[in-house]
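Going in written order, the chains are labelled A, B, C and D, and every chain counts its residues from 1.
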C-alpha cells in the first residue's frame, strides 16, 4: 500500500469529488470525510463550507480528528455554532450540497436502511434508526460512506428504506425535491462506486490499490455495473498526504 | 392631583392588578406599563417576569424608562435576550399570562382595531396594522392600555377586528384557546374598566381622582356598564411612589 | 492552492442587480439594526415596484421607500415609527390606494418566513385568526383546513420567501460571518428564508475574531452573498452596542413626512450623494459622535 | 415586600413527583450535555413505563433506562452510542419486542417538538417521507394531506409534547436561568415544548452573572420549574467547556451492556448511592480531574 494507509487514500479520494462551491455535512464516525473536507478546503476548494455533525461546528479547525462528531472540541476555530434548527433547515431546503450518509444495508440503487434488518415486526437486527436519511430526497447530492464492505452491508434489496436511492423513478419524480440528485458516490475500504448508468444502478468507479474488480464483486451482495476498464483509485499525492497529516495530528487515519 | 402625576397613578393602578405568578409582555409606547411591572416586582410580585417588547429584554433593569421599547439599552440588567421566535411561541402557547395591548378603536366588548378606520377598501385612517392583536385569543389575559380617552377611540363598534374581545360567545368557544380569558382590564387616563358583567360588556371599575363617572361616559362612544358606586382609583402609596421614582430616573412619568 | 474569496462589495455593487419588482426584506426591529444604508442605496438606484416583506414590527425604511415611489405591494403586520406614531407615507399611500396592502400580522409574517427558512410547504395555526377580520380581507393568506389528527378546524398560512434580504450587524468578516451585539432577533430566520442575503456591517473584522468564539456568531457566512462596509449603516436608527438612534433627525424626518415633504428630505439627505459614505461625511461629525458615545 | 423564590431542589426532590408513564425527554446531543444525573435519579427512584421522546441523536440515557426496565415506549430517530456503535439494551429490547418502538426520524422529532414549542396543531413536510418506509410502519405519525395553496400532496406530522424535560448546563442561577458553554443546540425548543422543565447545572452562579450579559443566557428561567446543582451531572458524557467524556468508563459500560450486564453496572455505579453526589464522591478523583482538565 506504499507510504499511506487505506484511510488516507479514502480521504484523498473523497476530497477529489468535492467542489469549491460545496456546503457539506457529516454525522457520526466521520473522521475520514472530515479529513477529506479539510483537505479539499486547503487545496482546490477554499470556499467549501462544512458542518461537523452534532458539535454544530461550521468550518471546524479542530486540533485533531476525533472519534465523536458531537465533541465540543470540534468547535475550535469554527466560524459559527450551528444549532440543530439550522442543520435541519439546510437539509430540507437543499442548502447542503453534499451530505455524508451510510446505513446498515445499502442496495444497488443506493437505497439505505438504518432501521431494522429482517422482518420489521420481529427484526433480526434493530438498527439505530432513520435519523437524517430521508433527506436523501432533499439535499443536492449524497456521498455514501461506509467503513467496511461485505455482502451483509451491500445487499440485493434493503429490508427497510430509510433513505431513498434511485429506485422507483416515477415516485422520485413525484416526491423528491426538484434539486435533489440522490446518492452520487459510494466510498468503501475497497473502492469508489457511483450511479452513472442508464438505470442508476451502482457502478464500480475505481478500485483501491491492491484490490481487484473480482474482489469487490465477491464482497458485494448484488451485481455491480462495470463500464469499460475499472481504474485504480488515485493514491494521495505527496502534497495531499502532507496536508492530511497536518490535519490528522493524532494519526487516527494511520492506525 | 396631589404629589403624583396621572401617569404615576396609572402605573400604580396597573401594578395592583398584577400577580406574583404573572409573565407579562409589553410592546411600543409602554413606559407606564413597564414602570408598573417593575413596581410590582419590587413590591408584591417578586416572581413576576416581563418581556420588554422589541428589545427582547426579559426582566429588564434599564437605568431609566425610555420612549422606545425596542431600545437595546433595555437589555441592561436583563436575564435573557428573548428572540422573536420565543416571543411568538409564548404568545401562541399562552405562556404569557398578561399581554398589554391597545388599538386605534376599542369597542364595548374589548374588540380592538389597529388596521383601518372607516371602509376597509378606502380607509379614512390607515392604522399601523394588526401586529400581535390576534393573540388576544391565545394569551391568558389582556390588559388594554391607552394613552388617551375619547369617543373616537372608544367606539360603539370597531370597523375592523384585529384583536377579538368578548363578542360572539359561540365563535369564542369554538376558536379561542381554552386557557384564554380575553381582555380583562382597560386603563386610560380617566379610569380603570373591566368586563365583569354578565354579557362581558365594558364596566367602569374606578375613576381616577378628579374624574367623575359622567366625565368618563361623556368621553366614551358607548354606554359603560356601572355596577353600584364607582370607586376612585386608589392613589399610589408613599412606598409605591418612592419606588416608581427610583425606576423612573429621568422622570418621564412626571412630565 | 486557491484562495478563499472575499464577499466584500461596495454599497452600489451590492444592490446593482436587484431587479425592479423584487421581494425585499430589510431586517431589524423598529428603529434598531435596520439596514438603512442598503435601503438608501436602493432609493439612489431608483428601484421600482418592490414587494415589501417587512419584519413584524418596523416602519422607517418602508416609509422612505414608499415616499421614493419604489413600492408596489406590502405585507403589513406593523408599519409605524414606534414612539413617533404612524408612518406618514405608508398611511397616505394606503389611504389613497396607491400601494397594494396585504393585511396580515406578526405570527403570519414570522411563521411565513420560518416556513420558507425551513423548506415547509405551509404553516398551520390554531384557529385564532378566525376571530379577527384578517381572513376576510386576506383570504389568499388564511385557509381553513381540517387537522388530520384531531378533525378540528385549523388555519393554513403560506410561506414567505424574499428574493433579497438586507441585514445590518455591528461586525462582519469578508466571508460573510456576522455579529449583532444586541443578540438574536430573527436574523437567523430571515437569512435562511431569503434567496439572497446582503449584509452590511459597521466594521469589517478579521475572520479570526469569529473563530475565537463561534458561539457568538449570529449570521453564518455560508448564507451571505455580499458584505458591505457601512459605518452608521443603521442611522438614523440605532445599532445596538454601537450607537443610539438619532432622535432629532427622526423628529425632522417625521415632521417632513407628515407634511408630505419626504421627497425634499430625500433630495436633501439621500439623493445628492453617490452612496452612504459621502452622505455620512456630510453630516455633523460632533452630533454623530454623541450618538456613538451614548452607551 | 416579598422575596423572589429560589428554584433550587435536590436531585431526589426534582424527580420525586414524575409519575410512572410520563413522557420524558433528556436534552443534549449524543454524549454531550446529556443530563445523566437526573436520569440516574429516575432509575434510583424506580421509574416505570416511561414514554421516551429523545432528541434526534442520542442513546446512552435511553439505553440505561431501558436496562432499568423503566421504558414502555420510545420514539426513535437515532438511538446509539455514537462512536461506540449500537445501543445494546435498546437493540435487545427492540428485537425482543419488549418496548414499543415508534420509528420516526430527525426532522419528525425536531419539528414535532418545535410544533409543541410554538403551539401549532401539526407540521407539514414536503413529501420526502413518502419515499421511505416510515409512513408504512408509523401511519399514525405521517398523514398525506393536500396543500390548500398548491393542490400538491404534502405530509402532516403531529406535535410532540414531553411531560417533563431535563436539560443540563454549565451554569445556572437559582431562578432557573441557564448557560450552556457549547452554544445552542435545541434546548431553546425542548424547554418551550415541555410541560415541565428541570435544569441540572455544574455550577450555581449569582443571578448577576446572567444580568451582566443577557445575550449569553441560553435558557430563560421563566421556563424552568426546578434547578438542581449536579457537578459532573453529564458524566460519563461530556459537558462542553467543563469536562470531556469519560472514554474508559463508556467502554466499560458498552462492554457490560453488550453482555447484557447493565443491571450489574447499575448495581455497581448507580443504585448503591442515594444520589449523584455520593456516586461522584465514590469515583476516582484523579481520573475525574483529568477529564476536567482536558480542554
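Keep this in mind: a residue touches a chain if its C-beta (ideal position, glycine included) is under 8 Å from a C-beta of that chain, and two chains touch if they have at least 3 such contacts.
Predicted model, so just to flag it, every value in this text is computed and none were measured.
C-beta contact counts were set side by side for A-D and A-C; A-D has more. Subunit A and subunit D have Cα centroids lying 28 Å from one another.
Note: centroid distance subunit B to subunit D, computed from Cα atoms, is 39 Å. If each chain is reduced to the centroid of its CA atoms, subunit A and subunit B end up 57 Å from each other.
Among all residues of subunit C, those that touch two or more other chains are 111, 118-120, 125-126, 181-184, 188, 214-215.
Residue positions 75, 81, 85, 88, 92, 138, 177 of subunit B each touch two or more of the other chains.
Taken pair by pair, the chains that touch are A-C, A-D, B-C, B-D, C-D. Across the interface of their complex, subunit D is touched by residues 20, 23, 42-47, 49, 57-58, 61, 75, 77-82, 85-86, 88-90, 92-95, 138, 177 of subunit B. If you check the complex, the residues on subunit D that touch subunit C are 111, 118-126, 143, 145, 147-150, 152, 154, 156, 158, 181-184, 214-215.
Those residues of subunit C whose C-beta lies close enough to touch subunit B in the complex are 29-32, 55-57, 59, 76-80, 82-83, 86-87, 90-91, 94-95, 97, 101, 103-107, 110-111, 114, 125-134, 137, 153, 181-186, 188-189, 238, 240-241, 244-245, 295.
For subunit C in complex with subunit A, the touching residues are 1-5, 117-120, 175, 177, 188, 192, 207, 210-211, 214-215, 217, 220-223. Taken in their complex, subunit B has these residues touching subunit C: 27-29, 54-56, 67-73, 75, 81, 83-85, 88, 91-92, 114-115, 120, 122-138, 160-164, 168, 171-172, 174-177.
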